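What follows is a set of notes on a single structure, which appears directly below.
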Amino acid sequence: MAHIHLIVPTVTEFNSLPLVEPLKQFGLTFSQSFITNGPASIESEFDELLAAPDVVLRAMEAEANGAEAAIVLCMGNPGVAQAREAVKIPVLGPGETAMHHAAMLGHKFSVIPTLARRRPTYEHHARHYGLESRLASVRPANVPVLEIEQNPKVFDVLLERARAAVEQDHADVLILGCIGFSGLDRRLEGALRERGHDVPVIDALPLTVLTAATLVRSGLRHAKNAYPYPPEKIYKGYEFPKRKE
Amino acid sequence: MAHIHLIVPTVTEFNSLPLVEPLKQFGLTFSQSFITNGPASIESEFDELLAAPDVVLRAMEAEANGAEAAIVLCMGNPGVAQAREAVKIPVLGPGETAMHHAAMLGHKFSVIPTLARRRPTYEHHARHYGLESRLASVRPANVPVLEIEQNPKVFDVLLERARAAVEQDHADVLILGCIGFSGLDRRLEGALRERGHDVPVIDALPLTVLTAATLVRSGLRHAKNAYPYPPEKIYKGYEFPKRKE
Amino acid sequence: MAHIHLIVPTVTEFNSLPLVEPLKQFGLTFSQSFITNGPASIESEFDELLAAPDVVLRAMEAEANGAEAAIVLCMGNPGVAQAREAVKIPVLGPGETAMHHAAMLGHKFSVIPTLARRRPTYEHHARHYGLESRLASVRPANVPVLEIEQNPKVFDVLLERARAAVEQDHADVLILGCIGFSGLDRRLEGALRERGHDVPVIDALPLTVLTAATLVRSGLRHAKNAYPYPPEKIYKGYEFPKRKE
Amino acid sequence: MAHIHLIVPTVTEFNSLPLVEPLKQFGLTFSQSFITNGPASIESEFDELLAAPDVVLRAMEAEANGAEAAIVLCMGNPGVAQAREAVKIPVLGPGETAMHHAAMLGHKFSVIPTLARRRPTYEHHARHYGLESRLASVRPANVPVLEIEQNPKVFDVLLERARAAVEQDHADVLILGCIGFSGLDRRLEGALRERGHDVPVIDALPLTVLTAATLVRSGLRHAKNAYPYPPEKIYKGYEFPKRKE
Amino acid sequence: MAHIHLIVPTVTEFNSLPLVEPLKQFGLTFSQSFITNGPASIESEFDELLAAPDVVLRAMEAEANGAEAAIVLCMGNPGVAQAREAVKIPVLGPGETAMHHAAMLGHKFSVIPTLARRRPTYEHHARHYGLESRLASVRPANVPVLEIEQNPKVFDVLLERARAAVEQDHADVLILGCIGFSGLDRRLEGALRERGHDVPVIDALPLTVLTAATLVRSGLRHAKNAYPYPPEKIYKGYEFPKRKE
Amino acid sequence: MAHIHLIVPTVTEFNSLPLVEPLKQFGLTFSQSFITNGPASIESEFDELLAAPDVVLRAMEAEANGAEAAIVLCMGNPGVAQAREAVKIPVLGPGETAMHHAAMLGHKFSVIPTLARRRPTYEHHARHYGLESRLASVRPANVPVLEIEQNPKVFDVLLERARAAVEQDHADVLILGCIGFSGLDRRLEGALRERGHDVPVIDALPLTVLTAATLVRSGLRHAKNAYPYPPEKIYKGYEFPKRKE
């Protein structure tokens, strides 16, 4: 049993466990935590920043509690790099995981995020991961995160963006650019198939959970040479659990 | 149970099943096939080419026999792109899978292949996958594939190359560049740790098997938009099973 | 007299000698061979793979027979890299030769291949050669190779694609992306000139023949450091002539 | 009089005003603030993260108090991107400013940061700014930030790293990679000149102050299209001043 | 008082001093010179070349006359690299300065030059400076330099190009691609703001003047390691003042 | 008979015709011209600039006199881009031609120029041509151009640089970085072969002549879309022959 911890990086206490319930059959067990300080949703680099300190704290607690890997449930991967410094277990961001798998499944991928303002963020991510030559486009849905659920046109908008990405930008893999779109992947694939396109649509959450399990099971984790522990020093206003070495 | 098929791309009929035996506990079942025509080992692009047609044939047969994913057991990924055109199940190459995971586990990775002549091959692969900015170096062991097993100094050589990659080229993740080095990953990590380096060493075989399982379990496969079936036409000298659509 | 050998990488036994007849005046002599095993046309990476082993064999035979350079008559360059390993004479692919010359003749080039599925292939080639910053676009004609000759609209289609490449993608050099389009270069240049565009159109076959002659005459050939002979080993199912060293 | 606000992103309340005193003659006036929550020094991405929320807050206060530009006094630019979202006045990071000016003053620059662990950070920055082709190397001094002042060998170490960067990596511009090295620029240039190297050494603090003044005086500021205000929403645990629009 | 010398690289003796008059309040003093041999306007690489020798001569004279920095008033930066070799004071080109500042003010910038033929020039510049990943597009106005002043539609054309750059190419910073457009920056920003775009428009002339002042005031100049004096030798047909060392 | 014109871009009136004499057997006829104004040798961007206006003039005269292609005899390609604007016949620079052919003959090439100060020039050229990923290194000989002939150690120095490029930088093709090294290519190849390296050494002059002939014979020339004629205007101090259209 690989123990995967899910960190929900918003103060909404959105329960993500039902989303990963179907993955338990693969020998996985889950825990979950929320941030206490931070935004209600993540739609800017400002939001990412305010979510991140608590994300790191949750990762440290999860490691202390025996989690074997931690996942931050936001495509912007807030706090992921810093949490990797703070702990030894693998910490995964779904945005990074999705982009690398997209690169393995086709030649060019597109990301469909919620808002147009996220375009530079995902372009920077692609460059940071080294995958800018594989990024076909970022095609924002223009739907705010907290309106996804009530908005009856979300699927139509996603399909329109997906077609533009495939037909105009030559993407052959698509990434749903918000965890809030989770669960629409197969339906979108089907609608594209009806229009003649055989294109995988990546719902990053299950993919990232299974990738975390792969790392645990193959004994791999992030290099401490790459993400060394922060040097000991005085911090004001933050309290962190004692490091588990 | 995810059914993963292993294709051994040499005519030596090397039995790879014992290598993946420990992965069965994760709900995996394995089959295996060998090429009939081709080289005894893969050490050149010439060798890769001569192995590849049979690799594609084996992938087609595996799909016909119900395999849910196929893996080609060579870091050069011979026949992988063409097999993706010929079948619908995911076909994975350990070289590609290892490079993308290496990019996720640190900032820069190095590959340690058998021979110096493989350096350009791995540099081209990194560029092809879009990961050239993450490749620190290729540090060949200078040990021919078929001498790995009898050569008592292989581990020492790998350690020397690994240290050079970490200390001189600033690699923080290492990839064993030949399936023949399989099983030396943890030992090499340990020897590096004694020298002050916390650096993951990737043995691509188990990693690729688990990644194949991840794709199967998350319902993902290669885009047919990216790897369409070859157009029907006359082929002389080759016989392929009827396509399963 | 430089002796250039032409390898036709399809089983159609298409006679290419008339195409190069006009080049004999420049002190060139030609021989030709066909593959025995492989596809009737090359329209996929699968086709390229199945053509390539025989291409390498033909290159080895050509070298044994005194050819001073060999050319593979397909823009996808099947078997070219492997043949360079197997022989010492220069082996040229028209796709690679055309791209480098296109880069010398203008700022950005576009390729017009037969089928949309070839787009990623040519994009990968450009990256492999290091020329991705010079590739304006790939604008497929959507005409299968074996229909080129009978299709009365081929020229109109090429002109439409050429105009799109020049006017929308800012290409200032064009490459005919299939040897089957050979001979349409000057006519296409003329039609573009009538529309105000002074843009060279590259028919890769004569260009590659003359480039091969240039190498022969300036005493240059591919580096064995780059393409070393394959190590001696057992091959099953393939028989190659003894190497000429 | 251009009013430039300096944000010291550590809890040490280090007084930076004396460092900029000589710049007042150029018609500049300065204010300064410190972070309340965060680290005593910045030596990791973890430290950057914990400093950043208060940096953004300080930038918002500075704008409310009439500052015309704000500068974050750390080469890692913590909170700079997020502050640009939160305010309308230009917010500058000395790391970014130094790299672009270095690119204008020569062909390749090297950065000399405090610690080896900062190498990937500066490599990522160079990529993020688009300047990776101009980065010759990162040559860490291996001196912790809070030991710079007492360490009598700091200058010798910097000179050794500078020479290595110039002589081995072909850098022709150098960037002092920590505000703590401020003031050593001219002395280091002189020592290099004695060894035959005419190479500018960038002390990023005065350069960034003057660049901020340039933006103010030429009426330029960061694009709100690039750094839009964060969407209004609930934030827990953070309190921000009302936005000045 | 920083003394900035302006070199007008055309034979029109266009008086540029009124353009920089408003910058005198920042403690700057200006001198100006014209080329004697060369073109009436700069619209081709041919024009740039013919202007450049005299530009270098003027830079040498300016240095001899006590100028602390020199600026060449053309976005193509003719003679800038060579003048940097010939003198020790900073020599700035407005095209280079504008691109680096554009990269600091947003994520992607576009250039609006006079003529379509300048597109490759600015694309090459962006690559040369290392900023190709930040260049969104080049959107030529199609107005010859010497017609700018009389053409009543220039502003409308600039606005149309600016909107295309922002709305279609996702530019968030704009560069006026000709010194002849000087002074239209704020008006263009305003017209874009009315259309919902908050995008800085860079008029390179004042920005470059202030950047030159920044270099002078922070004691920075171009590396002689990067731009060494030309070796002494015989030159026919050119006469240069004795070098000031 | 293809008529190739050679432009010697120095005022030394060095007779280059004997160097191309052996190429006459391939149906080529040569003419030659010198510059009147400019430097005695080309060792800086300053030298390149002062040579270039006369180079363009010579190209225009050559075209008027019936030359079918023109070559500028300097690896720095001075005036080549501008001459392409001024004439319609192909104008080739040996530096550009050599780099593209080097890229075709191996995986990575190194350039051995005369002086260390030329390193950035060749790095910029490689980037300009799009070939930066193929450039292994620039290894200057540190021999001034005009001392090549008398310096008895030139060959030893070249061999030392060549070995460093091959053994340390993994170059598998070498380019002699000065026309003054012309004729040492085969000897250098031989000396490298004795040390176990099979690496082509490119003497750019004959290669460029034959490439020019290839363009003439295949009816290709530079795109006027890429290099349009300079717009008509007033030029002072320069006189150019009437354009041949």
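A, B, C, D, E and F are the chain letters, set down in written order, and residue numbers restart from 1 in every chain.
What we mean here is this: a residue touches a chain if its C-beta (ideal position, glycine included) is under 8 Å from a C-beta of that chain, and two chains touch if they have at least 3 such contacts.
In this text, all values refer to a predicted model and were calculated from it rather than measured experimentally.
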item: Relative to subunit A, chain with the most remote C-alpha centre; value: F
item: Listed pair (C-F, D-F or B-D) duplicating the A-B contact set, over half by residue number; value: C-F
item: Separation of mean Cα positions, subunit E and subunit D [Å, integer]; value: 26
item: Between subunit C and subunit A, distance of the C-alpha-averaged centres to the nearest whole Å; value: 43
item: Distance from the mean Cα position of subunit D to that of subunit C, given in whole angstrom; value: 52
item: Residues of subunit F engaged with two or more neighbouring chains; value: 107, 120, 124, 127, 132-133, 226, 228
item: Residue numbers on subunit A that touch subunit B, as the complex places them; value: 23, 26-27, 90, 92, 96-97, 100-101, 103-107, 129-134, 166, 172-173, 185-186, 197-200, 202-203, 206-207, 210-211, 213-215, 217-228
item: Subunit F-facing residues of subunit E, complex; value: 11, 36-41, 43-50, 52-54, 56, 79, 81-82, 85-86, 115, 117, 120, 124, 127-128, 144, 146, 226, 228, 230-231, 233-238
item: Complex interface listing, subunit F residues touching subunit B; value: 107-108, 133, 170
item: Contacting residues of subunit B [partner subunit F, same complex]; value: 119-120, 123-124, 127, 132
